[in-house]
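Letters are used for the chains, namely A, B and C, taken in the order the chains are written, and counting of residues starts over at 1 for each.
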Amino acid sequence: MTAPGRALEHMRAVAPLVQNITNYVAMNPMANILLAAGASPAMVHAREEAAEFAAIADALTINIGTLSAAWLESMVEAAAAANAAAKPWVLDPVAVGATAFRRSAGERLLALGPTLIRGNASEIIALAHRVDSGKGVDSADAVSAAESAATELARATGAVVAVTGPVDFVTDGTRAARIANGDALMPRVTALGCALTGVAGAFLGAGCERFDGTVAALAYYGLAGEIAAAEAAGPGSFAVRFLDALAGIGPDDLDAGSRIEGLAG
Amino acid sequence: MTAPGRALEHMRAVAPLVQNITNYVAMNPMANILLAAGASPAMVHAREEAAEFAAIADALTINIGTLSAAWLESMVEAAAAANAAAKPWVLDPVAVGATAFRRSAGERLLALGPTLIRGNASEIIALAHRVDSGKGVDSADAVSAAESAATELARATGAVVAVTGPVDFVTDGTRAARIANGDALMPRVTALGCALTGVAGAFLGAGCERFDGTVAALAYYGLAGEIAAAEAAGPGSFAVRFLDALAGIGPDDLDAGSRIEGLAG
Amino acid sequence: MTAPGRALEHMRAVAPLVQNITNYVAMNPMANILLAAGASPAMVHAREEAAEFAAIADALTINIGTLSAAWLESMVEAAAAANAAAKPWVLDPVAVGATAFRRSAGERLLALGPTLIRGNASEIIALAHRVDSGKGVDSADAVSAAESAATELARATGAVVAVTGPVDFVTDGTRAARIANGDALMPRVTALGCALTGVAGAFLGAGCERFDGTVAALAYYGLAGEIAAAEAAGPGSFAVRFLDALAGIGPDDLDAGSRIEGLAG
């Protein structure tokens, strides 16, 4: 497996242009997080240009957090354009089990073959098993409860699947890893999960191998959370220090601080 | 009257799911403020799902800050769904007197019977008296000048009405209270009023009695502003410390720090 | 030339109401930056009210960052309303060369005669020469490479043109100036360019002469960046201190700290 520090170094050297069709809550922090990490974000979602832009971007991320019928068409067209241009794209199925509209949107996007799917445990279970899950955007399930659903989803779709939470789980259906980096303050700041989707997109857009790149992105993100939490007085100061940490972590820091456990496939 | 600390403790124990149809400026800080306070925010506004979601959420808030014709339909349908499910909902009539479009939207939403109306003095006067008010989103009137309009509005609609400013005024048409907590830096940070609407919705969604719960929410919010201002070097550091203070204030802190004056009805 | 400190003092005394039709990423930081500077921001873009509001605002800014067909109509109508009411308006042609949709939107808005055009070097070159420029929202060109394009654009349209980057260039086609204030952390925070468009709009909306007012706004903004960077540990803490600095800089600080070089026309 590629050392995560080397993947970070490579991502920064490429500074990939990452197109994000994301929710209104996440747009600003996601752009700031991608800039702090060293990527070049672009929030382009209008149907008039989303697909055209997907062909010039290095990666695309699609997040259904504040979905509407019009945006769903943009998402579908942009994903198809990314596929046609052989660009990686990441699906973030926010609250996919919460309403009928989200369930059908999730299935439609899934059918387009994302390179990576990143969600919390409830979202991955809902996506894998086509089941409902009532309670909003926060996960009601533990990551461990979603590991078998993630593996099934990876095998059924060909995507790498990342379930994030206190300990993250990543699998491509054969290989798997757990990443223990992170801090309990992270879910107290909105859209940090959404923005992580962008950072993973940056690693893939830079050309990192998709399983190793996803694992590296998750370790890097969680390590930034640990560094930020060490000096934070609450979620406000945490969010500020998190951006500083994303910019400040070097490849060697990441290799020293990452807590990755490789698992048999 | 319920001690505000007890209301805060109860709100956090319930961690209510609060659906917000709010403006683009407020979405991110409102979500962060609700998370810092201990609630679970969800920004769901698309017509395809807003009403369905309102039935599963514990409370709904509606803010007309960046209104459009399409969103107005979502607001109306979501408010009706909240009513049908006996869930509390809060109306935030941003700049309601500024344009013809806002005036008609305000009247339409008012007719649906909000549980709570929270606005600045100019907005409450405009809503109560159907009058125009020219200047943007900032209040041109003092809270004291809006007290009689607030009482009239509460009696005419059955809603609790909260007029916020340097000293807040809350009334249900019979009881009334003034809350003196807060700091002059609060209006220098955008969307703090909008986000307060969400925090009040969290207290109501947790099952707090609506007059007492609103008073508690306002005292809690203002106290967080005071704590944040004590160490702030300007509006940027204030906003960061404000989130930290919302998360850090305990029930006893709130009871000790709240400055609430009960008034004869 | 008016001393920049005097322009800042005047802007704050007027506290102009600045209407912004801007992108979703910029809305929140732009509002906070305008509030910190001392102006009164309003994000009003719906077609039902954008033109009506433009007639009561002191200035209008239009940013095509997250453009859609519907918003473009609002932009065109609001710009026409600003023209009819003799109010200044500022065009921010984000990534104008990136897609066919943006190029045609840029031309349509340009034809309405903005008071000021503010962009990065790649955007000003694309707008002046109707050329494509591929890579997202970040400039691929140096400011110096855009000076002649800026002068041509100013002469062809009658607008003041500001090219911002490490050293800014401002021209009205006859006069020109370079402003050296700023810091390398500024492009690491999203939407700081977009928000600068709002600050320039505030100076013009307050009645500052448009060339001098633009130069003052750019020096003020860059100086805030320098002050913020002096104590920042990364882009997160920089953004916080930047807001504090915008609020804290006084007229004398600006006169002492501005680094403006006037140029022959």
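The rule is simple: a residue touches a chain if its C-beta (ideal position, glycine included) is under 8 Å from a C-beta of that chain, and two chains touch if they have at least 3 such contacts.
This is a predicted model, so every value here is computed, not measured.
Trainee: Determine the shape of the graph in which chains are vertices and touching pairs are edges (line, ring, star, complete, other).
Mentor: Shape of the chain contacts: complete, all pairs touching.
Trainee: With touch defined as above, tell me whether subunit B and subunit C contact each other through largely the same residue numbers, more than half shared, or through different ones.
Mentor: Mostly different residues.
Trainee: Round to the nearest whole Å and give the separation of the Cα centres of subunit B and subunit C.
Mentor: Distance between chain centres, rounded to whole Å: 33 Å.
Trainee: What parts of subunit A, by residue number, touch at least two of the other chains?
Mentor: 24, 28, 239-240
Trainee: What residues of subunit C sit close enough to touch subunit B in their complex?
Mentor: For this pair, the touching residues of subunit C are 17, 24, 27-28, 31-32, 35-36, 40-49, 52-53, 56-57, 239-248.
Trainee: Okay, in this complex, where on subunit B does subunit C touch?
Mentor: Residues in contact with subunit C: 23-26, 28-29, 65-69, 95, 98-102, 134-138, 187-191, 232-237, 239-240.
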